[in-house]
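Dropping a structure here in structure tokens format, bear with me for questions.
Here the chain labels run A, B, C, D and E in written order, and each chain numbers its own residues starting at 1.
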Amino acid sequence: MLSLKISKQLGQCALDFHCDLPGHGVIGVFGVSGSGKTSLINMIAGLITPDSGSITFAGQCFFDGNKGLNLAPERRRIGYVFQDARLFPHYTVQGNLLYGCPKEEQDKLSEVVELLGIAHLLSRFPEQLSGGEKQRVAIGRALLTQPEMLLMDEPLAALDQPRKQELLPYLKRIAKRSQIPILYVTHQQQELLQLVDELLVVSDGQVACQGTLEEVWNSPAMLPWQQAEGVSSLLLAKVMQQDERHGMTPLSLAPECHLWSSEVSLAPEQQVRLKVAAKDVALSRSKPEGTSMRNIVAATITDIEVLAQQQVMVSLNLAEQVIKAQITLWAQQEMKLQVGEQVYALIKGINLQGVAL
Amino acid sequence: MLSLKISKQLGQCALDFHCDLPGHGVIGVFGVSGSGKTSLINMIAGLITPDSGSITFAGQCFFDGNKGLNLAPERRRIGYVFQDARLFPHYTVQGNLLYGCPKEEQDKLSEVVELLGIAHLLSRFPEQLSGGEKQRVAIGRALLTQPEMLLMDEPLAALDQPRKQELLPYLKRIAKRSQIPILYVTHQQQELLQLVDELLVVSDGQVACQGTLEEVWNSPAMLPWQQAEGVSSLLLAKVMQQDERHGMTPLSLAPECHLWSSEVSLAPEQQVRLKVAAKDVALSRSKPEGTSMRNIVAATITDIEVLAQQQVMVSLNLAEQVIKAQITLWAQQEMKLQVGEQVYALIKGINLQGVAL
Amino acid sequence: ASVKVFAAASLSPALQQIIERYEQLHDDDIVLVSGASSALARQVSQGAPADIYVSANQAWMQYVLDNTAINTAKSQPWLGNQLVLVASGPQQGFDVTSVQAWQAALQQDYLAMADSRHVPAGIYGKQALSALGVWSELAHKIAASNNVRAALALVERGAAPLAVVYQTDAEASAKVHTLAVFPKDSHDPIIYPALLLSETRASARFYDFLWSQQALATLSQHSFEVFPRVN
Amino acid sequence: MLTDYEWQALALSLKVSSVAVAASLPVGILVAWVLAKKEFWGKSLLNSVVHLPLVLPPVVTGYLLLLLFSRNGMLGQPLQQWFGLSFAFSWQGAALAAAVVAFPLMVRAIRQAFENVDPKLEQAARTLGASPFKVFYTISLPLVYPGILAGMVLAFARSLGEFGATITFVSNIPEQTQTLPLAMFSFIETPGAESEAARLCIIAIVLSITALLASEWLLRRNHQERR
Amino acid sequence: MLTDYEWQALALSLKVSSVAVAASLPVGILVAWVLAKKEFWGKSLLNSVVHLPLVLPPVVTGYLLLLLFSRNGMLGQPLQQWFGLSFAFSWQGAALAAAVVAFPLMVRAIRQAFENVDPKLEQAARTLGASPFKVFYTISLPLVYPGILAGMVLAFARSLGEFGATITFVSNIPEQTQTLPLAMFSFIETPGAESEAARLCIIAIVLSITALLASEWLLRRNHQERR
């Protein structure tokens, strides 16, 4: 458990964080640029000293303004992965990896090297690495210090799209295997979906919202992003047995209610997270026949909200989860949709990609 | 007209460009990282000297290896916007803007300042600007030299998503008003769609493909990106009169064949470009009734290609243009789709955003 | 054994020859340290490992005697010298007592001389010029050097037309000509006292050698006047 | 507070050092720029020559200056004839000696600053239509300002302390060439004048510390101006 | 090729300069680090004190050294009594004089290098569990290696040329304290010995150019190693 109760004045910007974070899992820290994410984790790491308050982690006090206690960064047992890899240019990859690694733990090297796929790089110097490779080494270096918490400050932000794709699986692997809590700073929805369990939204130097990803997703704190990238719903589902004939996988929202996904790599019985873009959901009064759409499910309208640009957001109750459909005002008027009515939601199976938890 | 016929050895990488580019409009230069895009425009700008060959622009010879001719960068009358804005830290914004501006043209300052919305920044120093503001100043600075060609090397790449969105309209404005050719380097599809007329795909230091954006879009040269970001079709359409009742805009592909778009800002009679993601197109044997989908158009199947992961790509002829639908193998088998048959393509109006040319 | 001789700069060519001679005859290793008498005096007083000190005037010798607990009797006058005026080119009949002559010779230029505040050659020079009644006219025309050799170099290089140096220096340099010899009574007698500082046998042996026949021959070659050994 | 004598030496030292720095600055900037930005045959040689006055004992430097610039010297004669310039026994000569001795320090500081100027900015200026010369004086030069300032202060300090080359080249003439160090030296060597020497020493120290602090202040102001 | 006399002076100069550089290096690194990375009351003062030997005429520096380290001096007496160390009139003294005079140059070069070390790397090392001390010697120090090298060469060159402080502090004793510059001086002062002086001058120049070139080569090698 990480308890924060800290305030700090940074130039014009007043930071004031009060929150308790779980002692396990991946905790996303999300917020616009300049909201104080980096400052927050720098205070946790001990690289910035708060003006007052306290930081306690797993029973150990890192900082206490009243007692004048301030543990040095190197004694907090925290691994920190920076946005810029910050590899030491005068050490080889292996030297970097082992920099903070206690002698007796050096046999873990091969494990981490394999986990991150950097065996072939060990004797190179950082100058000879691509951005993605550098970042992998930086992650390995932090892991090898046997930290009790991992802080990652937008570890993918400096990479271009292909490199991001290349690195994400490694992060997922680490998130899954990790025994220690990971604070993961990002402002990419994609990364949140794939990695995060708990989410902390930071805004103007304060905690704007905190909770599980699904809880926070639909909260007002996320509105700015929903507007920018398009509204979406997050559904939790369980993977069922793949259909052998056509290779699609049913994801069960409730008994007797499932959606077909074209994602094939999911193991049965797994919990998955489904992000459904509101623009990908069409509605129909009658059940259409002979279409290519694989998901035609009955749902109840719980809310209709008129948006700008002649558009309408329809919220539906689908097996007790919320799913949103963004349609034109014209369609809504023509179909005479009303709250409480039952309609069919149409979703192309191809647009449904489950993310394993 | 810009005629290139140059080769250059850069370390391990051999560059060899042969092409003629139009003397107007926005010419996209597209390619993976390391393919030689920056090197290409550096050679045009005169910042790198080719090993051999020639560069001729609008009748003027910039470089001729045989004649030993090599025009200095400052005499090529070329505006160059770099990925990193490269503002001069010791000049104010105004000083930066006027740096390369001939005395007699300084009255253009207010025009450019207004175009880029940087009037309130004039007396600041670059250190006090955000990334997006910096880049706008850099663009203004290049414009004010009264160049005869504009080179832009990923002008948005260093910005985060919100800043990108903020800057794109300015670029569009410049592209539209510009009397001079613009070479625009990017590896973002989004930017291509919005800005580019002609496209040059660069791969391994060579021109892999050249033509109008629509021509090149479906060519094999684009395959790597289509795979990464999802296959899509590009349609050319003409804007028709907006429907007053529901505010949607019909985009005409041919007489009697139009698609409804929820984009409202388009002026009638304008040519627009429509990017339709194959995943957003559903197919139906019969014409569905009472659905929220606004676009239900008859089209003829011209090709069916089975993809990996139990998916199928169906190409359709829609008023002599190609539109692609990506559906599940399961749906294709159940619907027994065959080449030559007529089906209905279903597209949510909300997913159709026309980009004005 | 090794003997360190701290001696005024103006002595160095002559002493070098004497040392070479001596080393042919004895096993001792003589190390010559030459510099301005003033600088050497200061060093010796601060404990420099000198076995013998030779000053170009009595004043700096006294300074050393005052600052070390050495018996005054260990110091003896050794050599005498003369003060001369040199120029870079041959000229004739320079009247050192005539202000006009000085002005004509110097014009806008300077008279090179060792620093009259501390360097013996400069101290003698100032005395001589004062006695001849031209100091007040020349005081602001003096280019002061660190030692007498540097003043000589200025004339050798043509930087200054005239310099006040020792006769021995004038004769050692092929590039200067002696214009005039200052009257002996215009300044304190130029006496180089030699001081035996250490008790070692080798030091005493070389100290004695300074008055030897071989040494005297060399010294007179260099135009030094030699005072007889007192004890 | 200060005696006439001290004022004289102080004023002279200031004049000599300032002129030395001011006169050598353009050459220093040029040489530093060439060393930082150009590749040419003999660059190592030029670099070594620039460093020579650092390595050579100042007395030797002064002696070489004397050989070159005295009335019969290789350079002294033509300079005297054609420009009426005479360095011998004048404060100009002291300034020349100071400039030569301080030159390597000045060049090193400025060179380092030039090496840190981002060539990308210079490239950008070229694409904006600036000739190499305009790039130099509108971009490179203002950006090395801190380095130039550092070089100037260093050279000024070194000039203030210059002794060996000065006394050898232009001798010790009150009001003309007797700068603070030369006056100090005379006093040190004169028995009983230690306190005068100490006073001069303190003046020299105060002066150079002032120069150091002034340069730090200028640098800070330059930096703040841009935020 | 070289006479005994020249060998002696050369060997002595090398010994004195090397020892001066080697002995002052640890202090130089420490002072440079403090000046570059720490903020404290009196920092400007420390900086000024470090620069003093640059500003003071070497002769005065030598004189002050003599006052402090002579047999009766404030430091000379206890050093002699307790450690049997005697600087006055010995080659150790020459090394001390050279070290003091070259110190500001060494510190400046190293300080600048420390200022250029990215504090982000040092922070990263802290988060990897390194104590400030470990950070210093595993990260900061190796990264300022080029600056240290530059500082060493500069100090070495300055030591090779050191004259005023040496002759004042330890006199000009052949085989003991007569380094190349002092030997050169003696010859210059001897009428007719110009050619000997010139030979020594050339030896000094060759020596220091060799040092400069060697440092450039070392730097280049260090840089290439990492690619």
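Simple rule for what comes next: a contact is a pair of C-beta atoms (placed from the backbone, for glycine too) under 8 Å apart; a residue touches a chain by one contact, two chains touch by 3 or more.
Source: prediction; values computed, not measured.
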Least hop count linking chain B to chain C through chains in contact: 2
Chain located farthest away, centre of chain D as origin (C-alpha): A
Centroid distance [mean C-alpha coordinates] between chain D and chain A, Å: 61
Intercentroid distance (Cα basis), chain E paired with chain C, Å: 35
Length of the line joining the C-alpha centres of chain D and chain E, rounded to whole Å: 21
In chain A, residues with contacts to at least two other chains: none
Residues within chain D bordering two or more other chains: 63, 185
Contacts with two or more other chains, residues of chain C listed in rising order: 39, 42, 150, 153
Every chain pair meeting the contact rule: A-B, A-E, B-D, C-D, C-E, D-E
Of chain D, residues touching chain C in the complex: 63, 66-67, 70-73, 88-89, 167-168, 170-175, 177, 185-186, 189-191, 193
Touching residues (chain side chain E, partner chain A) in the complex: 120-121, 123-132, 138-139, 142-143, 145, 225-227
Touch list for chain D against partner chain E, complex: 44, 47-48, 51-52, 54-60, 63, 105, 108, 112, 154, 157-158, 160-164, 180-181, 184-185, 188, 197, 201, 204-205, 207-209, 212-213, 216
For the chain B and chain D complex, residues of the former touching the latter: 45-47, 72-74, 77-80, 82, 84, 86, 88-90, 99-100, 125-128, 141-142, 145
Chain A residues touching chain B - in the complex, by the definition given at the top: 32-33, 160-162, 165, 187, 228, 243, 245-248, 260, 262, 264, 279-280, 282-286, 288-294, 309-311, 325-333, 335, 346, 348-351
